[in-house]
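Take this structure, written in structure tokens, and hold onto it; I'll ask about it next.
Order of writing sets the labels: A, B and C. Residues in every chain begin at 1.
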Amino acid sequence: MNVVVLLKQVPDTTDVRIDRETNTLIREGVPSIINPFDMYAIEEGLRLRERAGGGTVTVMSMGPPQVEASLRDAIAMGVDDAVLLSDRAFAGSDTWSTSYTLAAGIRKRGAFDVVLCGKQAIDGDTGQVGPGVAELLDAPQVTHVRKIELGPDGVAEVERLMEDGTDVLRVRPPAVFSVVKEINEPRLPSLKGKMRAKKAEIAVWRAADLEVDARELGLDGSPTRVVRIFAPEARPGGKVLSGTADEVVAELAAELAAVVKGSQRG
Amino acid sequence: MSVSSIEVLDERCVGCELCVRACLYDAIEMRDDVAVIKDNCTLCGACVDACKFGAIILRKEAKEAATPDAYRGVWVVAEQRDGALHGVSFELLGKGRELADARGARLSAVLIGSGVEGLAKDLVERGADEVLVVDEPELAHYLDEPYAAVVADLIERHRPEIVLTGATTLGRSMIPRVAVRVKTGLTADCTGLAIDDESGGLLQTRPAFGGNIMATIVCPNHRPQMATVRHKVMKPLEPAPGRQGKVARERVAKTLLSSRAEFVRFVKDVTQTVNIAEADIIVSGGRGLGGSESFRLVEELARAIGGAVGASRAAVDAGWIPYSHQVGQTGKTVQPKVYIACGISGAVQHLAGMQSSKVIVAINKDPDAPIMRSATYAVVGDLFEVLPALTRRLRAELS
Amino acid sequence: MNFTLTEEQRMLRDLCAQIAREKILPVRAELDESGEFPWDVVKVMAASDIYGVYIPEEYGGLGGGVLEMCIATEELSRVCSGIALAFAASALGAYPILLFGSEEQKKKYLPDIASGKKLAAFALTEANAGSDAGAVETRAELSGDSYVLNGTKQWITNGGEAETYTVVARTSKGTGIRGISAFIVEKGTPGFTFGKKENKMGIRASATRELVFQDCRVPRENLLGREGMGFLAAMRTFDLSRPGVAAQAVGIAQGALDEALKYARHREQFGQPVASFQGLQFMLADMATQVEAARALVYLAARAADAGEKSMAKLSAMAKVFASDVAMRVTTDAVQVLGGYGYMKEYPVEKMMRDAKITQIYEGTNQIQRAIIASAVIKESAAKEKGE
């Protein structure tokens, strides 16, 4: 069982906010964490290896050198090895360039059975890289995966979580799956894992190490550009109501009833 | 080698550190009172905007424009399942109409499936000038590869300048594959779409960092410009019965219809009676409820006003209510007209899931709880008294 | 206290803190109420290699010492000392094997304990043998290839949940400490059953049961060391496990102190946080100082043990008696700081106060600890004088 898990290191969005007066970011030394959804992907990769009775789970990420710390956290959970795709040329990538670069990294690593990633990254929230990588690798994909079961015939039966139920699909690896929280409960790292992670050698691949067209990389390779960043509109009319329950309810009920009636009419 | 670069003009830098605070990636540090940009800079330009002294220069490589004029028309990729159109398709047509009019272009809907040609009429009545229908038995159930291949093929043949898709589970699964196949830019979960007066390009506005930041994005040199929009963000047009439009049955090569994934079956979720992501009214409970029995108060209010029950992560983790009710960054994102938060402090991850609600009512005994700042009505009180009283009053007002 | 720990020790501490925060915190109130054994937490600790921190590498452990065992115990106890006992009491049961076991015995029993696959427990106390450990009445009579055990052990932590028990029983006639020996007894051995589970004041998520031996045949090779070494085995075991009890007490105290500080900063009376009143400030200062001092003593004792110090009795006793008294004082004060809220089960400090009490009692009451310390320092004084 040969698995590649794609990981993104993201700022812990808890503390990211814009100061409305100065229109600048307020951030108190925001820590970097493994994108929470990717934790579920890592766990699923480990479980696939365990259920298959053996194999390799590689974690791969594109980012600056500090991402190494997150890759080591993944190794501490039990991942076998890690690859960091890192180069100034990758800076400013949108989801196209990111997918392009990651796909090149996966190709360089070699054959795989399954590529796993989390449903979306909590900073970008796009969920586009998984399908993008699948298309570039010319591999079938399933997104929003809540269960993967590999049958004895080598075909995976996969459940896709829909808004109102579950689609059941069958697909033969190699394939790309992006997973949702419902799929498993990620394990905590182990001490032996942490010690292994400390000593582990993480392969770092630069643009020159990959078979890529430089024009597709980084900001210049990105079809989309951010032209403006601003604070979301302040909510209009924030009213504070206090007093006894009856006073408060009296004020609130009339206003709320109107809104509720309006929405009930649809 | 990237030709884009960023540079600090030392002589202009006064050491005010506004750029340091503006940087989302902690990529600027001060050395000897001058700003220095580190390796992990993503060239997003937030610092350039923040600097009042013009001390930061971001040079973006000027690319040859890829003859955008060759691309005309606004498209909406409609979503259907089991013969029913998803509401987001109409909402996109509503917005699409506006964009098409601004561009002086035609608004087309793309309809894919099996036995779905009859739905084209609805799309026309909701604003589409034309519907491109691909109706094949292989497309009876949604599968990523054939659906993406068909949409990509249509795009390559017809060259629309804008393609809009619903940011539903299926939409988010399919359209990134299309964007890569067609090699163009895609912006997800847009809350604002408009045509730029100067360039005629599509301005795509979306939230980032859990909704704490808004970003406007463009796709200057690639076509089509692609964007997804969530359900209940845009407004549909009122249906115009009898409205005329062209319905074109498109043939596609059989090779595009093959799929390496096979659909087995759909299992409906019978436990969820109301999908909170679709609800217009949500009453949500948090840690302040103190226990699972207190959720009864939330449920009663929800029942009285025809709403769904939501919960904060704290309540779900404490085991008071199942995860399917969780609202927030790692739960569900909701856009109701009314969101009533009871005993919820309003951690950023929770706000990320509900701050697009039209009216937010927060009931909390702590006037400084973060959610109180986002609330349309911040009720400072004991929810064990306020909730029953509110339920009684609303039941009376609405009956 | 970062500068006193190695990187590995900090890693261990942070991982235990993570386990405590993510896995123990959500369930501690419920398990305190129900008294159910925390098997889910045991599985997580086992998967994270916590059970092996003090066991040598050749038996599947991580090769750490008493200090590592204390670090883990303290971090886990900060959140729930009852659940922490699922780890700490297993160490108590494993130490006799570690210290007195033959190579075969160590190879047979330690790997499963190190992996957390099996829990251990130590069985000395009886109805008539508490502080007077030498008054053990459970008999172990040699009969052919086995020793036949008869008797009842009382208040055994991990009793019923553990698989591996180190049991102290009398092998020769007559009273006194020289007639007792230590054995390894496996759960499921015919004639070995469990009595009722005790309903306790505190550490309620820990299982405390009677062990009942009725003509229980234990293989001869399960004797630890030689006949008559039982008392020594118990005392040497306590030398290493008492710092663990002390660490548990420090954890409880620190957890209570943290709650008191958090509360005092937020709770307002007379228009200001109660943390601004000197009366409370002095209480908090004393609490914090005592916890720091207790921790320092625990580390001192643990490091001495790991450095190979032969006479550990005094230091271990000092750490245990001091830290447990501190825990009782600090938790009582914490309840006081929280006032009425402190008395309510909705807030965690009343549990911490109930949990703290046992640390002054088990593994040698604090009265016994003082006797040990007095005896040691008097001897030292005499020896010093002789030397002058």
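One rule holds in what follows: a contact is a pair of C-beta atoms (placed from the backbone, for glycine too) under 8 Å apart; a residue touches a chain by one contact, two chains touch by 3 or more.
Predicted, not measured: the structure shown is a model, and the values here were computed from it.
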| item | value |
| --- | --- |
| Chain located farthest away, centre of chain A as origin (C-alpha) | C |
| Closest chain to the centre of mass proxy, which here is the mean CA position | A |
| Chain B and chain C, separation of their C-alpha mean positions in angstrom | 54 |
| Separation of mean Cα positions, chain B and chain A [Å, integer] | 17 |
| Distance between the centres, which are taken as Cα means, of chain C and chain A, whole angstrom | 42 |
| Contact footprint of chain B on chain A as seen in their complex | 11, 13-19, 22-27, 29-30, 36-37, 63-66, 88-89, 91-96, 99, 122-132, 134-136, 140-144, 157-158, 160-172, 175, 181-182, 214, 217-232, 235-246, 248-250, 252-257, 259-264, 266 |
| Chain A-facing residues of chain B, complex | 1-4, 18, 21-26, 39-46, 49-50, 60-61, 63, 141-145, 148, 168-170, 172-174, 176-177, 179-181, 183-189, 203-204, 207-222, 259-269, 272, 275, 277-278, 280-281, 305-306, 323, 329-330, 336-338, 347-349, 352, 355, 358-361, 367, 372-382, 385-386, 389-390, 393-394, 397-398 |
| In the complex, chain C residues that touch chain A | 7-8, 11-12, 15, 18-19, 22-23, 44, 47-50, 53, 62 |
| Chain A to chain C touching residues, read off their complex | 187-195, 198 |
